[in-house]
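After this come two complexes, each holding chain A, first together with chain B and then together with chain C.
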Partner chain A sequence: MTTLTEPPVATAAAEHGSREPGRRKPTASDLVVVLAVLAVVALGLTTDRFVTVANAKAIVTSASLVGIAALGLTLVMIGGSAVSLAISQTVAAVGMIFLSAQSLGLVPALVLAIVGGAAITALQGAVVGYAAANPVVLTIAASFAITGIATGVSGGSSVSASGRGYDHLNATPGGLALSVYVLIALVVVVEWVLRRTRFGRTLYLVGENRPAARAAGMAVGRTTAVAWAIAGALFAVTAAFTAAFNTSANVNLGGTLTFDAIAAVLAGGTPISGGRGSAVRTLAGAVLIAAVSDILLLRGYSTGVQVMVKGLIVLFVVVIVHVRTKGRHA
Partner chain B sequence: MIRRRLVSRPVSLRARLGVAVVGLALVSAACGGGSSSDGGDTPAGGSGGLKGKTINFVGYGNDNPWGAYFNGVFTKKLEAEGAKVVDLTTMDPGTAVQNVNQAISNKPDLIVTALLDTSSMVVPIKKAKQAGVPVLVFDGRPDPQVDDDVMQVISDNEAVGKAAADNLIEGLKAQGKESAKIIAITGTKSSLVTQDRLKAFDQQMATAPQYEVIETQDGNWDPTLSGKIATQLFAKYGCDGIQGAYGMADYQALPIIASAKQAGCEVAGDTGLVVTSSNCFKAGIEAIQAGDLYGTATEDPGTIANQTADYVIRYFDGAKPPKKEVVKEERVTAANVAEFAAQCSNA
Partner chain C sequence: MRLSSLTRPESLVPLVALGTTVVAFALLPAYTDSGIASFDVYNTFQIFARLGLVALALGLTMIAGEFDLSVVGTYALGGMLAVQAGQDSWATGVLVAVGAGAAIGLVQGLVIAGLKIPSMPVTLATYIALLGLTSSLSDGLSKTYSNASVTLWVDQTVLTFFSPRSLITLGLFGVAALVLGVSRWGRELRAIGGDRRASRVAGVRVDRLVVGTFVASGVLSALGGALLSFSLGSANPDPGVQPLILAAAAALLGGVSLAGGRGTPIGLLGGMLAVALLAEVVTVAALPAYVTQLFYAALLVVIVVIDAPDLRNGLVRARTRLRPPAPTAPSTRNDTGALHA
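== the complex of A and B ==
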């Protein structure tokens, strides 16, 4: 149902996406953000071998797989559905589908993977959107169900590729991983969808105030389900690249992707409460986390320290977003 | 407020029953804990065979490919002998501790367990000993504190670590390299499996000092993380700065190869990066056959499952197997991959 008239939609878009710079006075939290960014830049510049083309490629390559999944999660968060805790499991299951379908050829396998990812996630989105289920609880349950089904079907074994078509996804046109180009293209598409389509504007309004959106006659359930379906398709793209990279897939393929994607979205400044955020912000968050992990690795810090710092970045951004949101509402 | 409500509210029959059940459970647990075994040595399994015996199996979960194959082989073999195998498998270390505790209270004839977290299993193993329930540990060795309290069928992790070093040295020498820099991406560093493999790997690499291990990173048995770390290391050192790489499992070595290729580095061949692993999976065997992976080592689930099941059969037959058995591990390269292809392609 699309009873929304143009003026409020346009207003919402202006509210969420087209805020003109310079209209708001800088606050203390802005200063903290600027200082933090400067600190990261300074740390990078003083780290041996950080400022090299090869390292820049490594950072964006590391950011690409998490970034694509995080784009999907951005839609879920903007729509006010908090987070999905079933990303790793979805990616693992879809990765297995993708590799086992390689005998059909790369394109059919990709289509199958994307349809599978979209269907699995859309189903959860429909329950959240139409039945107002708690997304955290629902996706925890979904993660167990997906793992259980994937384990049952595969017998717990790793799935190897039934053809070599997947190798095209490991290509490096222009010396850069294909997944990086795909990430950039998807950021443009998702940003366009969010800013320029009725669905995108409705998603912001649903995320901002779900009861009000429902009262206004918006298609809350359908908008949420579609957002989750697109998210599932994006998780599937990550799954295809990850499975191709690892050349085999099992139920552990997703690793820590759920939390990495959440960290990227939050580090980009998209609030978990919904109603705000953008694909570009998520891209920035994914690159920021990859860059900081890279700096720590170049400086000789262990994986444990990298994980800890990732947590601190997310905490810092969440606090800043909270302070700024409170300031705006005061 | 909450406290007052709790005090003033009459206790329901359901709550009373709940308290009674919890109380009974605590009393019975306390009684069980007190009935310690008489010796301290692992109790003998008798000579009546496996028929009618109950084995509580706290192995790796079926969501792990290695565990899934192990579980299938092990359970089938014991059930065929007439044993009842109670499945308490899991991949969660916390749940594994709970499951061992549950197994102790079940009073089975034997607990067979893997050690997902060596340290957290110390107390449950001590409890089992007090309760007189024999424990057999498979795959990774137990904490030294309880080494004498359990029977063991363990992988030779030092042998597989040494095999990885041998593969690298052999591969680099075959390329005629007089010096080389090597990176290693390991399993979870805090685990004894990783520590044992790494120690033997480093010792063997020290015999060829012209080949230097320049980075050892914790890949946490995670293929995606291993790929990310490798990507960053290839950026850090460049293709010219890394000549060899060790991924502790095949599924960690393969992302290293993919990272190297994405960074534009040559892999294998006469001058390319030499990559090795140290426990085999189907994808690793295929990579050796394709010429991308120089080598690996066995540590395959089928061999360990068969030996563990055989141990259990001998134990209940009264054959008194040695308290500790180490599974023989083999080095695998292109030269002998055909010999191990079937054995390594089950997970």
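== the complex of A and C ==
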């Protein structure tokens, strides 16, 4: 699936090698990548009950919620705004909005949640885009503000659903969670937006070189704000599914989602510096992390080991992607 | 010139942050029945000691233009190792924790300096991995520290306001201030944070300094974790995200810029004390916790605005446009203007 739209890895490495035959050895990193992939595949094949339909469903289901939020973060990262550290808090607040609006019906509640998530996040994106504010500091500030307001409004207690409409989001058509279909549809849409629209191409340029994009007369501020707005809408989709699954929401609903989403984007090979990356890569990253966690779970390793390996995967991919792309973008 | 010296953020930001919180602290009797007890001051320093070393560790890497997200991972691991290896002797526990912190910092520093990778994704990965490692060391459970005499010792009252734990933390801030103030490391650290290529050309051993900063960060975080575990009498495998966010807020309130090249250990001390004072004020005045959150948000938004280059340039442009006889000085940055003059 990933080979359809990604630049083939081998060609990229060959280009790299021919242009800069200097001190780095692309063949070495090629070998490392091939060995790593083979090792994961071998581990999976030799793991009892890994190659079953039920297990594949479990993997994609566990990847879906993080994956949707990570898609949003992908746009933020491609646009050169590094990361948002307010994802968990946004998801928690939007989840609370979603559940308390259930009395209006599912669709209005969903619309309200998505508009809310997009607005909260677009506001941050506008400050980052127009004023070149530091996204890390700004989103830390936003995370405090969102949690503070959410706690103040809710009185610190959990919000439970005011209707039963949310239950439709827990449906499993064809035996697969609805969130999986939504994830796949959103990957297609986001990938299309990134590759085929003017906005998408501008976003890559803004992320690659902000001063140049500005000098070229591009709408740097607007492009960034729109990217963050879409990201916020995607965080809201994750929030709706998470809240529907938990049937109640409080300020801790987001859990460790911020770092899980960043891990998925980075594990897909999107560099934090911006200008590169794709929706399909992020999907691959989310599935990779879910699959490896699943292998470890089936082999009886504790949650701690699963989390540790997740960190090591991210570290490995970050280093490999950096080493492989450095020459081409120097 | 006058404007730039008035608004120099490395002194202005911590002064404002500390000033605001000290005033809030001094006004405590106005909204509680009792006056300020010496216990309140002691407690403030205890809160300070809880996160101080993590904030110092993170702040030092930020001055060097890096961002060590792994500090809280090392903090958790250090606390766990100190408890597990230090059941019989606290010194062994501290040594193991600090050794692990140094090793983690060394590996990260070598990877970041050697491959010239942005530090945030690397340290984020390490952060996740370290939390996992800590959790697998204890099967995800808290571990109790049975050496009660150590627990009593680190938190006993010293000189009315302090405990050995807060004095050690304050002392390490002092050591950092002294080392960076007296040696050329302080200047060089800011130099590599401001413009790495220029400092390399000027003869600064950039890679060595980056590795050293990460080692210092690892050691400080692990020690902070060890002290916390001794104080609580247990080690928690998952400290959550809050310590990281608070340490980052403390560093930013300490006048450090995420862009690097700015800040001092004394500023960091001010920022961390402001965070601790605020926490104490909220506790004593029994304010709802979300007030703290909103207060942090407001402070950080001010910092964002001070630091946002395009916003600042826009304001400067707007101001120069308002004055009819526009000076010939470039409207972009005050410091470059000063260099030309």
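The rule is short, and it goes like this: the second predicted complex is superposed on the first by the 301 of 330 C-alpha atoms of A that agree within 3 Å, B and C clash if a C-alpha of one lies under 4 Å from a C-alpha of the other, contacts with A are read in each partner's own complex, and residues count from 1 in each chain.
One rule holds for everything that comes next: contacts are C-beta pairs under 8 Å (C-beta built on N, C-alpha and C of every residue); 3 or more make two chains touch, one makes a residue touch a chain.
What you see is a predicted model; the values in this text were computed from it and never measured.
Asker: Put the two structures on top of each other at chain A: do chain B and chain C fit, or clash?
Answerer: With chain A as the common anchor, chain B and chain C collide in the superposed model.
Asker: Going by the touch definition up top, name the partner, chain B or chain C, that contacts more of chain A.
Answerer: After superposition, C is the partner touching more of chain A.
Asker: In the overlaid three-chain picture, which partner chain does A:Ala131 touch, first (chain B) or second (chain C), both, or neither?
Answerer: second
Asker: With the two complexes superposed on chain A, say which partner A:Thr46 touches: chain B (first), chain C (second), both, or neither.
Answerer: Touch status of A:Thr46: no partner.
Asker: Contact-wise, after the overlay, does A:Val309 reach chain B, chain C, both or neither (first, second, both, neither)?
Answerer: A:Val309 contacts chain C only, not chain B.
Asker: Which partner does A:Thr256 reach: the first (chain B), the second (chain C), both, or neither?
Answerer: Both partners, chain B and chain C.
Asker: Where does A:Ser160 make contact in the superposed view: on chain B (first), on chain C (second), on both, or on neither?
Answerer: first
Asker: Could you tell me if A:Val83 is touching chain B, chain C, both of them or neither one (first, second, both, neither)?
Answerer: After superposing on A, A:Val83 lies in contact with chain C but is clear of chain B.
Asker: Mind working out whether A:Thr151 is in touch with chain B, chain C, both or neither, as first, second, both or neither?
Answerer: A:Thr151 contacts both chain B and chain C.
Asker: Of the residues on chain A, which ones does chain B touch that chain C also touches?
Answerer: Common interface on chain A, chain B vs chain C: 147, 151, 156, 256, 302-304.
Asker: Which stretch or stretches of chain A touch chain C in the complex?
Answerer: It comes out as residues 82-83, 85, 88, 127, 130-134, 136-138, 140-145, 147-149, 151-152, 156, 256, 258-259, 262-263, 266, 271-273, 302-312, 314-315, 318-319, 322-323, 326.
Asker: Under the touch definition given earlier, write down the residues of chain C that touch chain A in their complex.
Answerer: Within the complex, chain C touches chain A at residues 67, 111, 115-118, 120-122, 124-140, 237, 241, 245, 248-249, 252, 258-259, 288-294, 296-297, 300-301, 303-305, 307-311, 314.
Asker: Using the touch definition up top, name the residues of chain A that touch chain B in the complex.
Answerer: Touch residues, chain A against chain B: 49, 52, 54-55, 57-59, 61-62, 65, 147, 151, 155-158, 160, 170, 172, 175, 177, 242, 245-248, 250-257, 293-294, 297-298, 302-304.
Asker: Within their complex, state which residues of chain B touch chain A.
Answerer: 62-65, 67-69, 71-72, 217-220, 222-225, 227-229, 231-236, 238, 251, 254-255, 258, 261-264, 281-283, 286-287, 346-347
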